[in-house]
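Once you scroll down, you'll see the structures, which are given as structure tokens.
Two complexes are shown next, each including chain A; its partner changes from chain B in the first to chain C in the second.
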Partner chain A sequence: MHDTTLLVIVVMAALTFDFTNGFHDTANAMATSIATGALKPKAAVALSAVLNLVGAFLSVKVAATIASGIVSSSAISLPIVFAGLLGAIAWNIATWSLGLPSSSSHALIGGVIGATLVSAGHSAVHGHSIVAKVVIPAVLSPIVAGLVAALATRIAYRIADPVGVPGTNRWFRYGQLASAALVSLAHGTNDAQKTMGVITLALIADRRLGANADPPWWVIIACAVAISAGTYLGGWRVVRTMGHRLTHIEPPQGFAAQTSAAAVLLTATQGGLPLSTTHITSGAVLGSGLGKKSAVIRWGVARSMVIAWVLTLPAAGLVAAGLGFIVDDGGTVQIGVVTGCSVVALLAVWLWSRRSPVTAKNVNDYVDPADRAIDDAERPLVEPGHLTGPVAGATGAST
Partner chain B sequence: MSSYVDFAVLRNVVIVALVAGVGITAVFSVAARALSAAQEGTRPATGQRVLAGACLAVAAAVVAVGLWAVLAK
Partner chain C sequence: MSHQIVLAAAAKTPFIDWSALGQVALVSFVFGVAIVVLYSVGILGMSWARGHDEGGEGPASLAALDAGAQSGSVAANRPLGATLAGICFLICAGAVVYGLYLIIPQFH
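Moving on to the complex of A and B:
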């Protein structure tokens, strides 16, 4: 395939990934604010989109670091970047359709690793760096964020005492506007740059930029707009999981979770630790549940989430490896077929998701199945004045 | 293990995140309590408003310093 055509396809794939990153990660900043009613759903995603856009322009320091140290730079080619991006997009779409928060950055890294393994062999992949930069931070970050959030929540309830002092929830809702804005800004600063890094990597691989070049202005603008548009679309399924399914969130918990997540995220960024926004915010939400006495944590949902995190790297890598095997030589037919099949697969998943749509209108209409079972058990089997007895009871339960 | 993890950085992240995350939440909680302590429909007393304002100023200052430190890097 002609280099320019392939480069355009890679750039389009990168921007598509950036878009999926935006809507997949909307929940990171806004789920708790939406769940507590601090912000209306559409207002929340609009605010987050604007702050992601702003955040993307604040710095380009980490743009070139996405794959550095993970794979040999000499092994990177346009087909590898293309296959890696498709693997990451596939994982993002799959986890979104299941409503599971998972790391877009890890999906991207997994994709690049998988495609590189097939194309250049295991010697081009740096196992030590993967453990140090991806695996260990993935384990530690939700634990640290969870601990900080649990402690912050406990202290918030101890000091503010929302039960004993009516009206404190209102102030925590105001506070959530600021804390959610902070997480959105941090997300834009971190995640938009990763796609900028991938496109820059593609431009370097195609010899249109020199090694160690900064992202061109059009790359920065395109990535900022793509992640912002994705955020505005809103990944409502993941928002519902983070805001309702994991634990019931009240305003002090939401504020504590977001503040803790922002603190861990910004501190780690400052210290040069590459952490996943998703892992940090999910850990913080879980911690806010643990920090409140008598709060219910739905461990089944947490378990599914952790399984998704563990599978992110290998699953995205496996898809990218398969695709990398097909497109490695850069043939026009192969890349065309893979691109076409990917578009069809994305449409199929989207259509499947429309069978049970989660939107801005119904994102907060979540009733835990266990609560529903309790409600059903406590509800009288028949309305007063109707027949009583086993047969009538059965009829009443079914209506 | 130490070749995989920079424990000095990790320790700094944990300490600073604890101080900032828990600290901001704590001072904001004091402000929220002070502003909510008045009877419904009445304004908080001057002392409570001053306390709340001071707490909110501290929280905002910590956030501003944190953002500056990250962006300046």
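Moving on to the complex of A and C:
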């Protein structure tokens, strides 16, 4: 295939991944705020989109390689990047359609590993570095975030329980917004950078940029716009899972969970450990459920989520390996067919998802009748609307 | 003896940097819990400053109201509550600014 055409396809695939990364991860920053009524759903995604956009422009230290130290950069070719991206997109779309929070970064790493394995063999993949840099932190981060959030939730209720101390829900919501904003901004600086790195890598592999070059301005703008457009679209299915289906979140829990997530995320980034925002936030939400005595955690939902996390690397890798096997030679027909089939598959999943759409309007509604029974039983205890003013009233009306 | 050799080898090429992981876990634990505690105390102070004693209108307080007059302690709590809220919220605002400082690479 002509190099320019292939390059354009790879760039389009990278921006598509960036877009799916945006809507898949909206929940990390905003699910708890949407669930507790700190922000209206549309306002929440708009705020998150703006902060992601700003964050993308702030990041100057661009990761030159997607999975730095995980595969040999010499093994990377355009078809491999292409197959890796498609594997990651496929996993993101599949988990989104099931409403499961899962790490976009893991999907990308899995995709690149899978495609590299097929094209360059296992010697090009640094196994120990995958365990040390990806697997161990992924196991530990949700546990740490969960413990922090559980203790924080317990103490928040001990000090300022909305039932005992009237008017506190509103202030917990304000605090939650600050934490959510920090998580959004951090997400923009981290995740948009990954796609910038992929496109820069593709340009370097195609000899349009020198090795170690910085991303051109159009790459930065395109990636920033793609991730923030995705964020604004809102991955409502994932938001619903994180905000409602795992456990019912009240303002003190939302504040404790989001603040714990922000603390873990910022500390880890500072300590040079690139953790998944998704794992941290999901762990924190579960922890906030554990920390409140009367809270109900739906362990079935949590189990599906953890299964999705475990499958992320192998599943994205498997898809990427299969596609990498087809496109490795860079043949025009193969790449054309794979591109066409991918577009059709994406459209099919989207159409399937329209059968039970989750939108900004119904994201705070429940679908599962069993869930509804639980939440109806909880509500009189946890949402004393007459004590907490208009903000609480708005939540009550929308649930 | 052999144990020490293994340890030395592990120190030379850390397969997994447990101490970094432990530090991150500890620091985020302390920071996360501390901020939530401070903010919650601030909220409580705010509530005192507005003249709500603990449990002023909530169901839990009904027994307390029955038990005796609360107005004296409420009035005494007001300046204390305002001061407490002011200090706590200020520290939390500082934490948010520090968070921004950590996130924005141009600052360092």
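One rule holds for everything that comes next: the second predicted complex is superposed on the first by the 364 of 399 C-alpha atoms of A that agree within 3 Å, B and C clash if a C-alpha of one lies under 4 Å from a C-alpha of the other, contacts with A are read in each partner's own complex, and residues count from 1 in each chain.
Rule of thumb we're sticking to: a residue touches a chain if its C-beta (ideal position, glycine included) is under 8 Å from a C-beta of that chain, and two chains touch if they have at least 3 such contacts.
No experiment lies behind these values; they were computed from the predicted model shown.
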| query | Looking at the combined model built on chain A, do chain B and chain C fit side by side or clash? | reply | clash
| task | Return first, second, both or neither, reflecting whether A:I159 touches chain B, chain C, both chains, or no partner chain. | result | both
| Which superposed partner A:A268 touches (first chain B, second chain C, both, neither) | both
| said: After the superposition on A, what does A:A256 contact: first (chain B), second (chain C), both or neither? | reply: both
| task | Examine A:T168 and indicate which partner it touches, taking first as chain B and second as chain C; both and neither are also allowed. | result | both
| message | Let me test your reading of the model: by the given contact rule, A:I136 touches which partner, first (chain B), second (chain C), both or neither? | response | both
| field | Interface residues of chain A shared between complexes with chain B and chain C | value | 58-59, 61, 128, 131-132, 136, 140, 144-145, 147-149, 151-153, 155-156, 159-160, 165-168, 171-172, 175, 178, 182, 185, 189, 252, 255-256, 259-260, 262-264, 266-273
| remark: The chain A residues in contact with chain B across the complex are 58-59, 61, 128, 131-132, 136, 140, 144-145, 147-149, 151-153, 155-156, 159-161, 165-168, 170-172, 175, 178, 182, 185, 189, 252, 255-256, 259-260, 262-264, 266-273
| request: Flag every residue of chain A that touches chain C in the complex, lowest number first. | output: 55, 58-61, 128, 131-132, 136-137, 140, 144-145, 147-149, 151-153, 155-156, 159-160, 163-168, 171-172, 175, 178, 182, 185-186, 189, 252, 255-256, 259-260, 262-264, 266-273, 384, 387
| request: Using the touch rule from the top, collect the residues of chain B that touch chain A in their complex. | output: 3-6, 9-10, 12-14, 16-18, 20-22, 24-26, 28-33, 35-37, 40, 63, 66-67, 69-71, 73
| said: With touch defined as at the start, can you tell me which chain C residues reach chain A in the complex? | reply: 15-17, 20-21, 23-25, 27-29, 31-33, 35-37, 39-44, 46-47, 50, 52, 54-61, 92, 96, 99-100, 102-106
